[in-house]
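Chain nomenclature is as follows: A, B, C and D, assigned in order of appearance, with residue numbering initiated at 1 for each chain independently.
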Amino acid sequence: MSITYLEAIREAMRQALTQDDAVFLYGQDIGSFGGAFKATKNLANEFPGRVLDAPISEDAMLGMAIGAAIDGMRPIVEMQFADFSSIAFNQIVNQAATHFWRTGVPCPLVVRLPSGGTSGSGPFHSQSLESIYAHFPGLIVLTPATVGDAYSMLLEAVKLNDPVIFCEHKFLYYHLKADGLPTENLPIGKARIARHGKHATLVTYSAMLHESLRAADELAQDGYEIEVVDLRSVKPLDTDTVLASVARTGRLLVVGESFPWGGVSAEVISRVVTDGFHLLDAPPQRLNSKDTPIPYHPNLWGTHRPTANTISQELRRLVGF
Amino acid sequence: MRLVKATVARSLARPITKMTSTIANSPSGTDLDERFAQGFKWMLLSRTLEEKISSLYGAGKIVGGVYLGKGQEAFSTALAMSLQRGKDVFAPLIRDQAGRMAFGEDMIDTLRTYLGSVLGPMRGRDGNIHRGRPDRGMPAMISHLGAMISVVCGMLMARRFRGLTDVVGASSIGDGGTSTGAFHEALNLAAVEKLPLVVAVANNQFAYSTPNDRQFACRDLVEKAAGYGIAGHSVDGLDLAACLEVFGQAVAQARNGGGPQLVVGSMLRLCGHGEHDDASYVPAELKASAQDCLKRAREQMLARNLATPQQLEVMEAEAYEVVQATVIQVQNEPTPNPAQETWTPLASSWLMEGIA
Amino acid sequence: MRLVKATVARSLARPITKMTSTIANSPSGTDLDERFAQGFKWMLLSRTLEEKISSLYGAGKIVGGVYLGKGQEAFSTALAMSLQRGKDVFAPLIRDQAGRMAFGEDMIDTLRTYLGSVLGPMRGRDGNIHRGRPDRGMPAMISHLGAMISVVCGMLMARRFRGLTDVVGASSIGDGGTSTGAFHEALNLAAVEKLPLVVAVANNQFAYSTPNDRQFACRDLVEKAAGYGIAGHSVDGLDLAACLEVFGQAVAQARNGGGPQLVVGSMLRLCGHGEHDDASYVPAELKASAQDCLKRAREQMLARNLATPQQLEVMEAEAYEVVQATVIQVQNEPTPNPAQETWTPLASSWLMEGIA
Amino acid sequence: MSITYLEAIREAMRQALTQDDAVFLYGQDIGSFGGAFKATKNLANEFPGRVLDAPISEDAMLGMAIGAAIDGMRPIVEMQFADFSSIAFNQIVNQAATHFWRTGVPCPLVVRLPSGGTSGSGPFHSQSLESIYAHFPGLIVLTPATVGDAYSMLLEAVKLNDPVIFCEHKFLYYHLKADGLPTENLPIGKARIARHGKHATLVTYSAMLHESLRAADELAQDGYEIEVVDLRSVKPLDTDTVLASVARTGRLLVVGESFPWGGVSAEVISRVVTDGFHLLDAPPQRLNSKDTPIPYHPNLWGTHRPTANTISQELRRLVGF
């Protein structure tokens, strides 16, 4: 049985709702309509009274979820698009993120962010905000790249006693498929070697994993074996797995879709050079989106974000160094 | 504050009375007739254009979302026609194709933005309804609902600082948009500064799939006016003449120092939230009983002897032709070339740095 | 929705009538007397504690800000006394020392937080009024105004999910706080969900230095209730009996399915915004004419024969002693030791990583 | 005549108001009261009608400023504390930052953020958010560390045609003094060598400059000459000056007060290793605050943020490598 990335997310929510009465879903249009992307399709019928439509009030949506969470519930909040979490920003970074540290009372909730670029979505329906949320103490930030991770990491996230920012990539929702769901998986906090290699390490996550794997295929044709690490979680970030790979290859490229200043790629490079400077045979490199808002037109968008093509170019420069 | 109080009092006196116009209660029959006929033209042109955009989308010629104003043209047109082009400010939202045209936006701006022509105001950087010409009094909406109202407040403050006192600024919002904190903060700020702001709330009974009863709990959104100490007006959004009358009053009051005006119109969206959406969530009986403001206006054009059936058919044919011609022109225009993009978001381009 | 409508209607009927109580219009004289006497005790204890905190601050014994509720004790106390300890939810704000105590917060929590005792609920991690015990129905405020109201909504939703229907949640806010988008979004959400929420707006005429006329433009903040479709109540915040009565009604209505209740009290802050502030912005004549709710309550204690002058002096002496004793105890308690701090913000401590 | 960091900021605003009718000030309590920190003291009297008190509505405050800016004005908005800009976040990063790029119409405004920790201020009155804003395309993010920079950079910021996030450090407001104001200064975008040295490069900004200079003094007693670079502006970031210094010293430590994940220190290190890997004789290091909210109690706060003491330790490790 084949299942998509989006269906895996829905199945994880169905599991969570089945396993724990404390779980409920909250978001705009997620009830009988099933959500803008149909992530919650049918769940309102299957779990009456536990899948609630929210008004267009992201700040109050998060505040409500936080109040429920510190009072024993385990809410899963859907932002219609990651970009709109800017309205919930204060409740996420100042209320949810600080709550356990300040009071000792846990705040277990999951904020689902439909993230990343898709053709024609433009500046306000395409953002990748994992770097913003990871900067704030008290948040766990997950970026699943595979159907199996989307499923198992969301299920695991709901069980954690901390606020989790769950960055789902819209580009993968319908196109990415797998035959079935994993019964076990790596725990949150562990990265995965998505492809083994010896000439260079390519660290990436979310939709960029698939562009990166294509780029690795291209380089294989030139005889270069690229090791691809899928971070899965950007906070915590599995430095050990990354360092172990760099120890094998001596070369590092970090690829992400978010804006270039700071963020995941800078964090990964900083960790590698501070702890594993001696492992590097060449300057580590990074590739992110361009430093402009995300363009609407496919011509521009295709150049704004990294692609298998531009990643291959970077890899060639790196292995040729 | 006296003026505001007075109008508030009025709005409290009849919080939910809907204005329905007759030639009788209009200031001047002929004047209203001219404006009605003009309004009908904008509504017709907008509907014709949007039907074309819808079919272009269906044919895969448009990338990204398509959001139409079908069923809301009367309300949108009347708001824009009550403003003065080249002087006032209008911040349209996603269902304001008709109002945009009535305010002076060229049809070609719409098509260039939807089709990604590099010659359009957004140059392919942004698309569909995310367009505007701030230097012509029409800011370009961002997606985040409610965010444009305070921007209009700022444009009015700028004009006040420059000594221009009789400028009016208008902003559209939907029933769902009234739930945003941005809506609240902006209306309150406007009330404190007593700005000549008109906020038009198009209550089309749904926010995407969410019905009013999951969005707010007051009887009528106009009841919010008193809480801000501003004037409130209600109108039947399907009745072009009534809309022209109420917006005419609201804009005049704002221009004459009456402070912010909240105008709530009732209607039903006659299309999906976007063209990807079949509006399955709208109950069948509601769909069945739904009226079309354009159809109504067309009937009134005849009833008011503002046009003969033949003249209407000519108008419709002309609208179709100008839309077709513009589409063909735009389809032959260049799309953006990434190699020619400057890739700099800064006006101070010398401060740009090439990081990736 | 019927119930809400009814109460809305009532609130519209008398948007700005202030309740001023007499034994006559109270449900039961003696019952009210007992509650009045109890309320006076809380007000006295709070005032005594805050005067001590102020002098500790003056003496440099407290680091950071000190925010007092002087002049607002009647309103705060009455709100908290109308709630049921151990069952209801109360999210106090910066001027609720009296209400905190009436709701059951131990005086030692206040002092431990101000003096940074590691034994306090915040363990030195947070200070002054940023304290609470969420597991006892009292969330710990963050500074961002308006942000706690939706948190109370969530706690009420949690109880509703667990089948607890007769719980009430209350949240305090100031006149300035009503300008936040968070206030608006939370009230609207509560109204849509018809939550048993009581929002107490302490209109003390200023937000830091900003007077009401730069903060909002409605005549009375209670006029906002109708815009949310919720009940509105106004009360003289200096009159303890009136506050007890109005909050008693509001809480009862919320508990009985009446939906959210907005209670607006009028008063004047009798201290600076913080103890660093001399409130120079409050006009002299306003300061001169200002009344003290504690003084009033004290006079009524005598007028109602609830205490003799001697008994009152004893109460005052006792309050002073317990405050002194608690201060001395807390001053001898350990302050946080950075070496013993875990420095982890995560409950899932195994996911913590040592970055710097 | 001696002048404080705060007075320099006030003087810059006075100059701006005098020079250009398009300038106005907007913020809570900034009118006759002069603001929470007295940054605008007397300005309301000196410039009637141009220094306006705002309601407690950060989102609308920024929206209003943006509307005024795109219509020909040059607003300077004061956030009462940087921490409260979380409420204005959406207008800043989505409306102001994208406006010129989307429409071609400039959005010249300055958002003043009273930033950084002071004793007893706690989690919500102490934040340093420069790394958050610098991540978003379209913003200029300034972090003056000296009285002269506070003055000249604010004056220059008001003249720029872009939205500027002006991070003022509250710790420097009253204590940091200079004798007079500069008549000319480095332009925005250029870093300054605050102290010359040859054994290691210490890159920092804002209040951490002063902790860093003290640390450099300490190391001087052990015979180590530390070169201290004051970034002044974190976006744009003057990579050339940093690289030139590292070329001289071969060693790099980056010190910042903001949260450790991502951010300025990671960005600086990433730029140095990608462009100047060969210049380094030792692994580059970074020191930021701890990865928790900012504690209230002085004992904890003193350990949470970097100090001359902890910076010296890092420097000793670095030069001893």
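Throughout what follows, contacts are C-beta pairs under 8 Å (C-beta built on N, C-alpha and C of every residue); 3 or more make two chains touch, one makes a residue touch a chain.
None of the values given here were measured: they were computed from a predicted structure.
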item	value
Taking each chain's C-alpha mean as its centre, the one farthest from chain D	B
Intercentroid distance (Cα basis), chain D paired with chain A, Å	30
Whole-Å separation of chain centres (CA-atom averages), chain B against chain C	43
Inter-centroid spacing, chain D versus chain B (mean Cα positions, whole Å)	41
Contacts with 2+ other chains: residues of chain B	122, 125-126, 130, 142, 144, 179-182, 185, 188-189, 192, 214-216, 344-345, 352-353, 355
Chain A: positions in contact with at least two other chains	55, 57, 59-60, 83, 86-87, 90, 94, 97-98, 101-102, 123-124, 137-138, 261, 286, 290-293
Contact graph of the chains (line, ring, star, complete, other)	complete
Residues of chain D touching chain A in the complex	83, 86-87, 89-90, 93-94, 97-98, 101-102, 123-124, 131-132, 134-138, 235, 258-259, 261-267, 269-270, 273-275, 277-278, 280, 282-286, 290-293
Complex contact set, residues of chain D against chain C	28-29, 31-33, 36, 53, 55-57, 59-60, 81, 83-84, 86-87, 119-125, 260-261, 286-288, 290-293, 295-300, 302-303
Touching residues on chain D, where the partner in the complex is chain B	21-22, 24, 50, 54-55, 57-73, 75, 90-91, 94-95, 97-106, 108, 137-138, 140, 160-162, 188-189, 236-237, 239, 271
Interfacial residue positions of chain C with respect to chain D in the complex	63-65, 116, 122, 124-128, 130, 142-145, 176-177, 179-182, 207-210, 214-216, 281, 335-338, 341, 343-345, 352-353, 355-356
Contact set on chain C toward chain A in their complex	121-123, 125-126, 130, 132-135, 139-140, 142, 144, 147-159, 161-162, 181-182, 185-186, 188-189, 192, 344-348, 350-353, 355
